[in-house]
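Same chain, two partners: chain A is paired with chain B first, then with chain C.
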Partner chain A sequence: MTTDYKNIIKEGLWGNNTVLSQQLALCPTLAVTTTATNGLGMGLATTLVLVATGWIISMVRGVVTQEVRIPVFILLIATTVTVADMIINAFLHDLYKVLGLFIPLIVTNCVILGRAEAYASRQKVLPSMLDGLMMGLGFTAVLVVLGMIREIIGSGTLFANASLLLGQTFAFLELTVIPNYKGYLIMILPPGGFLVFGFLMAAKRLIDQELERRNSLVIPLKVIDVPA
Partner chain B sequence: MEDYFILLVTTVLINNVLLSKFLGLCPFMGVSNKLDTALSMGLATTFVLTLAACSSWLLEHYLLIPLHLDFLRILSFILVIAATVQFTEMVIHKTAPLLYQVLGIYLPLITTNCAVLGVALLTVQEHLNFVQSLVYGFGSSMGFTLVMVIFAGIRERLALAEVPATFAGAPIAFITAGLLSMAFMGFNGLSFK
Partner chain C sequence: MNIAMLPTVSGPHTHSTASVSSIMGNVILALLPATAFGVYLFGWPAFNLLIITLLTSVVGEAICLRIMHKPIWPFLGDGSAVVTGWLVALTLPPWAPWWIAVIGGLFAIVIGKQLFGGIGQNPFNPAMLARVMLLIAFPLEMTIWVNPHPLFSPNSPTFIEGLYITFWGVENIEAISSASLLGHLKTQLILGHTVPEILAASNYSPLDSLIGFTNGSFVETSGLLLLLGGLYLLARKIITWHIPFSMLATVILLATIFNEYNPDRYVNALFHVLNGGALLAAFFIATDLVTSPATSLGKIIFGIGCGAIEYIIRTWGSFPEGVGFAVLLMNALTPLIDHYLRPRIYGRTWSGQPLEDEK
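After this line comes the complex of A and B, so read on.
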């Protein structure tokens, strides 16, 4: 039995994207994306937990019986999140202060339990970890894009405080896109999150339609080529 | 007494869990298609949230702090919440079988509603006393129910409206939520001085 790694990557990043397609994990998505840096930090923390839970749950899948699996999964996830919470608090304390409540809330992030239930509890260790990684990266990508849009329109900067939160090596990311910008506060405030996210979902739908149109154009051409 | 009233109004309107704290968005988007389901979901969440806020306060102050086990907070809170949800499920099953059928899958899903865990953790973070936690939990969940019902009402109308195909369904719902959130920001001007 071979595992289709390419498909896992494609589904995780785009086709089955946790936020845009499945509409899961909306709370952290909208709450922390006031800047791109926060989005990146939250996305990476979630990715870490997703990979770890994918690994652990896939390992215990033979031991845990069908009836008790949900409580066991939740406990495993809560333990992993507690560890992640402590690691971030110890090594990335500034990031911890910004994300605050939303790190412990990774426990109730539906994506984690969803992937554990739908994927990791049925597959081998390596595909489960890859699935976790790709789902996490897809999630991170949306968070960063959402954060970038809100930050540029809202305050005219990009990746502000990146060096403060992620270490000096990331200082090159900090940009001021629009100098002397007065700021458009609504984008930073909660309503902006909802508005930008609505437009982002519509954009994904447009791109999907365009891709489908292109694919449907390709097939007839092949048929014409064959006879000769 | 006055303090508790202010806390209640603040949690229901000004610091609304859904629109300003972004907690519990999954059921907010998932179950708000019909008015009556939204209402019963809101009421079930109210019950669970209030109970969970109280029991996690007791857990925090009588078990975790005396034994210096506060690193187990996330783990123990989620257990308490899961137990509370199970308890609510049994109560509703016995007392209102019809409501039990209506809520169906959404009842166990309250466990993964981040508003419940979020409020439980917030009561600890803000060092509230027991009665304050009770009011905080109840107010937050009333705010949740209120917004759920308003939003479900709007979505029922929205289903009949002519929306550009790209925006139909979820995207326009988010934009509507954005407008609703903007409207709720108006409550920031409420002053109790």
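After this line comes the complex of A and C, so read on.
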């Protein structure tokens, strides 16, 4: 059985995107994306956990019976998250102070168990890890875009505190987009998250429709070519 | 005469002449006296604010209709966007800057109404949605209640000064404004004063609040003119008595009970009815045909809910005024109320079975 790696990448990043298509993991998505930096940090932490759990769960899939799989998966996920939590606390302590509450909650992030159930528990190790990586990167991308929009409209800055996450070399990312901005508080509050999320979902559908329209323009030409 | 030549007319053969545009026209007519008084009381800046909100609402509606490939003029011509914009403007602080009006008007129409599918589809009252959004997003600008500056009085800004106030703002606006009576009451109560002390110190007179010579948002100051407009709507059968009556009765009942229990801590019912947006909401906002229940009993429950939540927020909440939140919360319950209080279908029992043939 060959594995379609190209398809895994495509589905993870776009077609089956965690947030925009599956609408999973909305809780952290809406809660942490008050700034782009927070979104990036949360996304990367989740990606790390997704890759690790994809690897572990895919390895134990032959040993775990059908009846006990959910508790076992959750236990493995919780262990991985605890490790990630401690790593971030130790090496990125300033970011930990911002994201602190949300990192242990990655355990309950439905996308992790969702991928474990739907993918890693039935597939080989390498595709499972790649699936985790791509799902995680797709998740991160949405979180960053959502965070950017909310941060620009909400407080007029972009990637504030990025140096906490990425180190001083990335301090240049920290921009003040609108100087002397009074702030549009609702964008930082949960309703703003829902609003931007809704518009992003609509945008994805528009793009998908447009792609489909373009593809459908190509297909008839091929049909004509065949009999000739 | 050949019967077949007659045009075929299908039922219903008797219908009321009410249309969306006639309803909206009547609502605007009912709001006119209170609006005119608001413009008189707060001068040209208030007028500018009304025009800006109306313009952005109508333009926002037109753009949305265009994007959704709907016919523009029939929907624009029904006047619902004008009424929404009008109501948004009336709940704003009268000297608010122009961008408050623009954001409010656009939010009400685009997010509050058109995103849900346009007229008749919105679960929440668009005007209240915009007002609550503005209050949460711009707590500073939305709570500057300028003192009355009646037109033609010496301290009233001229038209040019009015434009300046709306588009550039006023230096030291705090100097010519004060807390609304509800807000003042709340802060003073927290400081440990009693209700009679506070009212005596702030020159509160029920008559002023009734006629409207107090500060407050654009139009909620004049209880009398709002009542007049509301009664006009009742007389024209645009609204029914259920929601205004049950809402105001609940506020009056709760306020009286608590006032009797402890007059030092709880202010009396008259104060609650005459100040803030109680009358405006009871007659013009909670009665919105789209977002309130359909049955009479449902409307009464809806009104009681609005009144109770309003009183609770005003008395124990952190905001001095809770009408907007009350209406929105009850809007959210409207589908549930309508689900459980369905009227009996004509010719069927309450459980939906056909009626037995009586012989």
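The rule is simple: the second predicted complex is superposed on the first by the 223 of 228 C-alpha atoms of A that agree within 3 Å, B and C clash if a C-alpha of one lies under 4 Å from a C-alpha of the other, contacts with A are read in each partner's own complex, and residues count from 1 in each chain.
In this section, a contact is a pair of C-beta atoms (placed from the backbone, for glycine too) under 8 Å apart; a residue touches a chain by one contact, two chains touch by 3 or more.
Here the structure is a predicted model, which means the values were calculated and not measured.
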- Query: In the superposed arrangement, which partner chain does A:L195 touch: chain B (first), chain C (second), both, or neither?
  - Reply: both
- Task: Tell me which partner A:Y184 touches in the superposition: chain B (first), chain C (second), both or neither.
- Result: second
- So, A:G12: does it touch chain B (first), chain C (second), both, or neither? neither
- Message: For A:G54, using the defined touch cut-off, is the partner it touches chain B, chain C, both, or neither? Pick first, second, both or neither.
- Response: neither
- Message: Looking at A:L75, would you say it contacts chain B, chain C, both, or neither? Reply first, second, both or neither.
- Response: first
- chain B versus chain C, judged by how many residues of chain A each one touches: B
- May I ask you to decide whether A:P104 touches chain B, chain C, both, or neither, giving the answer as first, second, both or neither? first
- Query: If you lay the two complexes on top of each other, which residues of chain A touch chain B in one and chain C in the other?
  - Reply: 186, 189, 191, 195, 198
- Message: Quick check on the complex: what are the chain A residues that touch chain B?
- Response: 23-28, 30-31, 71, 74-75, 78-79, 81-82, 85-86, 101, 104-105, 107-110, 113, 186, 189-195, 197-199, 201-202, 205-206, 209
- Mind listing the chain B positions that touch chain A in their complex? 19-26, 29-30, 71-75, 78-79, 82, 111-114, 116-118, 121-122, 125, 166-167, 170-175, 177-179, 181-182, 185
- Message: Touching residues of chain C toward chain A in the complex: what are they?
- Response: 111, 115, 133, 136-139
- Message: Under the definition above, what is the set of chain A residues touching chain C in their complex?
- Response: 182, 184-187, 189, 191, 195, 198
